[in-house]
Amino acid sequence: MNVRITVNGVVYERNVEPRTLLAYFLRDDCRLTGTHVGCDTSSCGCCVVVLDGETAVKSCAMFAVQADGHAILTVEGLAQSGTLHPIQQGFWDQHGLQCGYCTPGMMLTSLALLKQNATPSEAEIREGLAGNLCRCTGYQNIVKAVQQAAGALITT
Amino acid sequence: MSTDSTKTRHSLGVPMKRKEDPRFLQGQGHYVDDISLPGMLSMAIVRSPYPHATITTIDIAAALTVPGVKAVITGKDLEAAGLGWLPTFHGFDKQMVLAIGKVLFQYQEVAAVFADTRAAAVDGAEAVRVEYEPLPVVPDPFTAKKDEVILRPDREAKTNHIFHWEVGDRDATMRALEQSATRVSRRIWFQRCHPAPLEPCGCVALFDAMGRLQFHVTSQAPHVYRTALSIVTGIPEDKIHVISPDLGGGFGNKVPVYPGYVCAVVGALKLGRPVKWIETRTENLTSTGFARDYHMDVELGATADGTLTGLRVSTVADHGAFDAAADPTKYPAGMFGIVTGSYAFPVAHAEVDAYFTNKAPGGIAYRCSFRVTEASYAIERAMDILADELGIDPVELRRRNFVKKEQFPYASALGFTYDSGDYHQTLQKALDTIGYTDLLKEQAEKRLRGELMGIGFSTFTEVVGAGPSRHFDILGIKMFDSAEIRIHPTGAGVVRTGTKSQGQGHETTWAQIVAEELGLDPQNIMVEEGDTDTAPYGLGTYASRSTPVAGAAIAVAARRVRDKARKIAAHLLEVGEADVEWTDYKFQVRGVPSRSVTMKEVAFAAYTNPGQNEPGLEATNYYDPPNMTFPSGAYVAVVDIDRETGEVRVRRFLAVDDCGTVINPLVVEGQIHGGLTEGFAIAFMQEIQYDAEGNNQNTNFTDYLLPTSLETPHWETAKTVTPSPHHPLGAKGVGESPNVGSPAAFVNAVVDALSPLGVRHIDMPITREKVWRAIRDAETRPAATVSAR
Amino acid sequence: MIPAAFEYVRAHSEDEAFAHLQQHGSDARILAGGQSLIPAMRFRLARPSVLVDINEAKELSYIRLDGTLAIGAIARDSAIERAPWTGDRRWGLLRDVSRVVADPVVRQMGTLVGSLCHNDPAGDWTTAALAARAEVVVRGTAGPRTVPIDNFLVDSFTTAVGEGEMAVAVRFPVPDDRTAGAYQKIERKVGDFATAAAAVQVSLHANGTIRDAGVALSAAGPCAVRVQEAEQLLEGQRPSGELIRAAADAASRSSEPQADLRGSVEYKKHLAGVLVARALRQVFTRLGVQP
Amino acid sequence: MKLQYSGQERIAASPDVVWAFVSGPEKVLTCVPELIEGTVRDPSHFEAVVRVAVGPVRGRFTFKFQMQPDPAARRMQMRISGGGFGSAVDMTAVSDVVAASDDATLLNWSGEAVMRGPVAAVGGRVLEAQANKLITQTFANIRERLSQEMT
């Protein structure tokens, strides 16, 4: 069926099977491959995107047809005119990534988290990111990255 | 773009931000599943629900009628094409690509379906009808040992026993143990677990217009894949191009060649279209390389005052249905000989017997040098059991038996020559940093109140950087590694190596090594890996061999570039080469600082004004390490235990690592955090369990437990630096130390907390229920020695 | 992991959704948060031929607190977690649960009503609903009806929602200010189902004795179970250590868990007691009484 | 995943009648719950397609029944193998026909089921109860049908 989904400000009109998961719509139909798929059970969070500007969702647990008429933000939409988003900058400065596979989902979950809580404590960040898995960093530098981003977002 | 550039002159040891990050941060990483080619087909695999069964029929008719399905292949088709079997890396066994006649483990590959879309491929796989006649299941190596059911009649020897390997002096060790004042022995099991990188394995295969195989694959060792594929398929090696793009983690899981890869290549050949195969998580956990599964009987002897007299380890290894353990040819049990650890044993003996079972094949080096994690865990756990028996503080027992600083290079009882180390200093740093005396005081007080607090140590030594070619090879290929450096006219350059980063940050650290050796800007040294058309032949990245082997190759190649540059500098400075010295990252006339040229100037001259010298500025080195490197560390875990529920809280964890010279402290710390987290996961969560019927119980992330940010402890790190005497930079490698060293620290801490109850050991993973049972059993059976499984 | 093909219809109102259900009968499934359904579909264990998506039926997204607390079919767990009133100790039970269901991202889509309809034996909301004596509003062919939670939860993954019917809301009685609740859950890691969990809600008389007690267990039977014996023990009594122990023992006895990777029957029965005791202590602390 | 069940049915009929029933494939077939279609291949083999519907899990299981009667001991063993959802389910059901006091017969039965594949790994928690019902209900239905025939 036909869907009209705004991804990173760009409207994508596509014809998809209802069973197409949002994650594969983004990857295969929009060719936005920054959204990753790491598991079969919606456990890993590599596929997290932001729905309608504030809700972090696992795009492997949502069908593309559900997003019809909605706006999706993916990792490709974070940087503005070549400038990294404060969250991207934080992950870079604090060495919050290694293999980079969980990074897009981590950053988008962080974004939604900071929209709800602008000044999270370490404990609150660890709670807020507990729906995303990382195998490389041990999370510690990711926490630092989110703290740096929180600071930067407040001052801006 | 970053202030790091100003620091190029001291590039080594600089916490430089990673050069590769911008693409990952912006979703521009390039992973295998990101590849999309015109006309590309998707492949899905039909797998067996039975762990051991005869295949009576495979009916593909219905599958072929599914819209979008283009073809289905089975084991018979492959056998007819001479591709029924795939050699395993160390060359002692072969593995079915698609089941032929019977299946030997649950989720084994039975048929491959090719279709226009991912969905159609899955629909097709679902439509393939396979009938099985179940056979008796061999669920563990102890059952296998009885040889009542022979799993591999295809092999010459009609037994489930795969190999016996041993090292050391058995008789002398037995004598030493018999004469020891104190002896302790314990069966210690290192459970089967799985590396589970977040990116599953996969590939895209196509034959281009030139009939050349373009093979994009998640591989930690692309060159070995090229050679292996050539051997398996008979395609000339020049007609195979292996590209390993960005990898979403590997941890050893992406070393072996998997059946799915061969199927994809066959499909691409058969259908003349590109074929993509991307594993599901379930497929990854149930069919690709697992790790560990060593049942180790460890025995230690000591004098009354706690001086070690001997060590004996006898291991039963579960290798699964095919012997696909990724160990060097001459080392079927890998580096298990490191089981003497950091201690001066006069004698020791270790043996390993491996068996086939109805489980997935593997036995890969999961974030560790081959079988080093098993060995380190065994000795560090056993040292605590001995300390308990002797009534000596485990710290004191370790101190008393450490190999002393002045004993290096140290020849171990099991044949390794440890390059360097200062174990006493590393441990002391750990004790001071964690505040050991205060912790002991707190623990004593808590024990009076009946509270359970534990302090656990692990003072491990690993052996990494395989390896010297006289000992180490894979498929006969010596385990050297390589680097090729080209400096461009403007002083920028490119370095290519045979290794392959999976997140370790080679694009940054390799550039730092070149920049350090040549006084250039690391921001302008491009690093290229993973493309067999451009990179020099190398054995790849695993077993912490990148820095010890490829890192050395880069340094040596850079020095060759510098030697050539010196000649050109002499020409530019109009003096003899002997009068040119390399000081402060530039060439100058000996003793005349005013007359100097920079490497940048020399690079330009190499292409514009080389004088009598051969133009150009590049060099290649194939580095054959004279020895392995031996990183070490002292780890401390502090835990509190909830008596009611058995819950363990890791209050503090300190890792003091000695990996020799540090190239990039930022990257090293990141590696340590990650390794500790996987060690924590292994100690408390990760396990691939099979039930008595041979069913895999942990087939996805809802039951194969990976810790989240909430369970993961806060890590404290520190370091001591004891350079490797034989490595050009003194570096030893670090990526795996924390995963090798930490499990024992966690378990030792938990057992220490429970020791007042008489608990001596708990096998990993340490679940709440195991701890609760240990406590309850101790309370119901006072004064008895308790062990929970 | 790709679901089997299905037909998708989007309902913009409760009436539309209901109409679709009537039309498609037993082959149709309601898609709310989808956080349990979609993974099951990816494994092709669930393969409905029609999905009726109610996420656009915005009229069902309410969380209304007037005579009762009414929560609509697409109100998200995260919305409950963030609702201003959850800070109030009277709602301590719901607040506790809203922070431990699944994981924080799944809670952005997951719904309370959906969890009740899924009726997982190890569910969190089902257990809380029992302790808080909730009732579910079911839209049936004969019009809407209200089903007490005890009758709503029929068996594992089975509820009182009949063919062609749909649950549209859940209602919680508003506790008075001498009421508090708590939820205690032990899970192997964030996102896991409960190894064991206990929900407790207690109301006191002015004289400090217990007027009403709700005690329920998760992962202790085919579906969430009410521990009547514990409730009867508590009612009319003054909070005390012995009372808590007695209630905990009753819970442990009445727990009938399945052994699985999360733990043995013995361990889960033990935990049931421990968690009920902890929940009760927490409740009494929230009520400012020292047992 | 291995599951075990057992039970007893008290039937108001003579052992001969009960034995005749439980050793007749076409009769037993009609007692399989949620039956969509059934086919009797020969006196000791029949097949059944049953509807599985628990919560989100809905689909069909196809089972092959093999009857192994021991008339002397009045013991009927059934090997039931099949599956669905890309998974396998193997069951064995043993029933003993025992004469009870007065004019009643006891049908003592025990069953064992092994589930493999996604059904066990993911759907196990959903389907355990269902597998139990399949076996329990079959024997309950046998009692029902027999008592109907008696009256």
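Letters are used for the chains, namely A, B, C and D, taken in the order the chains are written, and counting of residues starts over at 1 for each.
In the analysis below, a residue touches a chain if its C-beta (ideal position, glycine included) is under 8 Å from a C-beta of that chain, and two chains touch if they have at least 3 such contacts.
What you see is a predicted model; the values in this text were computed from it and never measured.
A.B. asks: More C-beta pairs touching across which pair, A-B or B-D?
C.D. replies: A-B
A.B. asks: Can you compute the centre-to-centre distance for chain A and chain C, using the mean CA position of each chain? Integer Å is fine.
C.D. replies: For chain A versus chain C, the centre distance works out to 29 Å.
A.B. asks: As a quick test, compute the distance in whole Å between the mean CA positions of chain B and chain D.
C.D. replies: Chain centroid spacing, chain B to chain D, equals 50 Å.
A.B. asks: List the centre-to-centre spacing of chain C and chain D in whole Å, with centres computed as mean CA coordinates.
C.D. replies: 35
A.B. asks: Going through chain A residue by residue, note those that touch at least 2 other chains and give them in order.
C.D. replies: Answer for chain A, listing residues that touch two or more other chains: 17, 19, 40-41, 43, 127, 129-132.
A.B. asks: What residues in chain D touch two or more of the other chains?
C.D. replies: Residues 86, 118, 122 of chain D touch two or more partner chains.
A.B. asks: For chain C, write out the residues touching at least two other chains, lowest number first.
C.D. replies: 1-2, 4-5, 41, 43-44, 103, 190-191, in rising order.
A.B. asks: Chain pairs in touch?
C.D. replies: A-B, A-C, B-C, B-D, C-D
A.B. asks: Give every residue of chain C touching chain A within the complex, in rising order.
C.D. replies: Its residues touching chain A are 1-8, 10, 31, 34-35, 38-39, 41-43, 51, 53, 55, 78, 82, 102-106, 108-109, 190-191.
A.B. asks: Under the touch definition given earlier, write down the residues of chain B that touch chain D in their complex.
C.D. replies: Contacts found on chain B: 49-51, 106, 126, 132, 134, 282, 691-693, 695-697, 699-700, 702-703.
A.B. asks: Of all residues in chain B, which touch chain A in the complex?
C.D. replies: 17-18, 20-29, 31, 33-34, 36, 118-119, 196-200, 246-249, 251, 280-282, 502-505, 666-667, 669-671, 673-674, 676-678, 700-702, 706, 708-710, 712, 714-715
A.B. asks: Going by the contact rule set out above, which residues of chain C touch chain B in the complex?
C.D. replies: Residues in contact with chain B: 1-2, 4-5, 44, 103, 186, 188-192, 195, 261, 263-264, 267, 270-271, 274.
A.B. asks: Write out the stretch or stretches of chain B touching chain C in their complex.
C.D. replies: That would be residues 118-119, 122-123, 126, 280-282, 644-645, 647, 685, 689, 697-698, 702-703, 705-708, 710-711, 767-769, 772-773 of chain B.
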